[in-house]
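Structures incoming, each one as structure tokens.
Each of the next two complexes has chain A plus one more chain, namely chain B in the first and chain C in the second.
Here is the complex of A and B:
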């Protein structure tokens, strides 16, 4: 992993390498250098498979993070590229022309996080949700409990117990 | 919230194989517009009792799995638990079924399909809610896309508790449903017809992209 990182660092302004396993590493890329880095990895380093594209909502830092996980099947190695960009008017370059499967991931991210990928095919079609009328539900400022209370009615009589207290009561009724 | 209809549901001109052009309005042309009506029982109680006995002996489940509970149906319909020996069998289409088992959590998206399936079934029809998700939301009590009370949206004759209930619990539940039917207490279809507006308003409150006729059978 280190050798690849050193080679890439000569070409692109990359962040530090986080080695999860000997054959899995993560590295931060500035948004402007994402496409050249992906192209370089795909065409010259053998990372031909886009395993997944997913997002993290860093609400406190007001950032979204996208993780592009690439795999080199021949070498049995994976690398994850992390890109951070502001949450306001979140938008990222589409990579559907590099991997057609990315279009599906981007559709999902547009719906669940509200991240725009200009030019991605069928981006604004509904993906999982139907008739959604609130902020995207995977954003951390979306209050799922509040939404559930407002939309779905409760059946009275449901109780919730704290598991620790409940087991204490069950096992040691005299408080020993 | 009003939404634009999907292209396949919009009124349009279609050219038939014989070259004749005709207008198609899917929401009106593909469905019968009549709303459900209450079916009264036979005049003589003994006749109605006989009907109910016969109904209890012929439960045809719609093979429609909505949540994780659908996994319990497979051992139930195969030799391990063999529900067929109790006269319960599965059918692939709502037209041939009279028992809808909501097997576990029901997302709003699936609810729409479940309502369509329920409405296409023939009366008398029964609904069994399976697992705690259909009763009070279960572990999905705070989910943004999962309904919490099934009986807000369709008439439920029987709930089977558990997360998930075992196939044995389901068999016991089906036996209980048979008792309810024989006692003439499983009147879900009539209840649906009576409180039709209430059910529809509940359904439309959660299904924001309502693009079906009110009763589509």
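Here is the complex of A and C:
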């Protein structure tokens, strides 16, 4: 992966390479250079397969991270491009013209994380949630437990146990 | 390419934003929902069809009927608590979730699963692949009215479920491939019973070949239908048998071998015509290859040695900050887990990459245009999609 990273660094201001495996690396790309980097990887380096596009919410750092994972089948290598941007400005350039299937990922990310991809087809059509009126549910500040308690009621007669306490009780019944 | 398909490039007209100009009030078009409850649907999803006469002019996939928010649920659970829930993401072939999750966690935690466990993992994954293909064959034949095939393949699948039951204690959700290794070894006499099961499956497959693949009606309805253009493979992220039937030998087991696939002899099964018939045939031959792989695994696997690596305390298990992606070749294509950890006892983010995500959404919506309503079910089934892995 080092050779690829060196070649890319001559062209784009990339961050350090995280070499997770000999055939898998992750690198941070400034948002403005995402499209040229993707195009270069796709057209000149053989990374033609968009494996996935997903987001990570770094709430404590007030950042969203998008991960574009590309694969080069002939070389048996994968590279993940990380793009980070402030949570308040949750918007990224759409890449549906590079890979038509990216439109599906972007539609889901808008619904689940509230990240906007201007120009992406059918972006505002509901993907999974119907009539959702809370904050996007995959954001870290969305509390699933609080939401469930506010909107659903427990079935009578049902006992709820805290998993950690229950396992401790099972494994160490004498409290050791 | 399907030369019989009419040229609809100018019809219906397109609006400036590229969407179709469909005026339902004109009486020329009709909205037709296929699913979520419909015999010709691949599980709990639906396709919103717009038809003109009996020809589909637009199709939109709708999912969400099975959304349980697994990825979010896992962020609230410790690493070992995630293990028993991941298999529920895909009902017909759950083991890939267990394997990909376990392998991703092991990689970030610096744990190496024992060699014997890797052989047993490969055995389970191939057993699951056979089950999934048997289910597919019944569905593909059923979508075209050949109901008896489903009864035969369900019988064969049931035999394999018996092997799963005696090995793992469960028929559907096995919860067997856990982070660090596997839960148990093979039971006494397992090899002989598996050999008998494989013989019975091969016998069933001979009948399936005669009655389904040599059936004139099946051929007439599937040959030349639902062609995937090889140029779409990269554009739409097509993997697995859908890509291999188009002549692209994409198979993670060969491209980036994992577990023990380096030590097994096999070549990816490919086809060339890329139609519904070829995709079914590629899966039939891939099933028979899995039968052969199971025989190889049972002949070569070590019979002694540890089954699970030394693990930290499950209640206080923290994994250093990092991210990785682990993939495997399931019966539908590339299955992968993207795992991000932040040094705490919980995953920061888990993203499941199921092959159906691209096949049932963007690819299906592209392929469904201009086909006859009566072929919609056959086309959908031929992409072999499982909705739960789309919405997770």
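Everything that follows uses one rule, which is that the second predicted complex is superposed on the first by the 154 of 176 C-alpha atoms of A that agree within 3 Å, B and C clash if a C-alpha of one lies under 4 Å from a C-alpha of the other, contacts with A are read in each partner's own complex, and residues count from 1 in each chain.
Here is the rule we go by: a contact is a pair of C-beta atoms (placed from the backbone, for glycine too) under 8 Å apart; a residue touches a chain by one contact, two chains touch by 3 or more.
On a predicted model such as this, the values are computed, not experimentally measured, just so you know.
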{"item": "Partner chain(s) touched by A:2 [first = chain B, second = chain C, both, neither]", "value": "neither"}
{"item": "Which superposed partner A:144 touches (first chain B, second chain C, both, neither)", "value": "both"}
{"item": "Which partner, chain B or chain C, touches more chain A residues", "value": "C"}
{"item": "Touching partner for A:73 - first (chain B), second (chain C), both, neither", "value": "second"}
{"item": "Contacts of A:158 with chain B and chain C, given as first, second, both or neither", "value": "first"}
{"item": "Touched partner set for A:20, first chain B, second chain C, both or neither", "value": "second"}
{"item": "Contacts of A:166 with chain B and chain C, given as first, second, both or neither", "value": "neither"}
{"item": "First, second, both or neither for A:128, with chain B first and chain C second", "value": "both"}
{"item": "Touching both chain C and chain B, counted on chain A across the two superposed complexes", "value": "128-130, 137, 144-145"}
{"item": "Residues of chain A touching chain B in the complex", "value": "128-134, 137, 142, 144-145, 147-148, 151-155, 157-158"}
{"item": "Residue ranges of chain B in contact with chain A within the complex", "value": "1, 3, 108-109, 112, 135-137, 141-149, 152, 205-210"}
{"item": "Chain C-touching residues of chain A, taken from the complex the two chains share", "value": "18, 20-21, 23-24, 26, 48-52, 54-57, 67, 69, 73, 76, 78, 80, 99-101, 103-104, 121, 126-130, 137-138, 140, 144-145, 163-164, 167-168, 171"}
{"item": "In the complex with chain A, residue positions of chain C that touch it", "value": "18, 63-64, 67, 69, 71-73, 75-78, 81, 107, 234-237, 250, 255-256, 314-315, 322-325, 327, 334, 336, 338, 340, 348-349, 351, 353, 357-358, 361-363, 366, 391"}
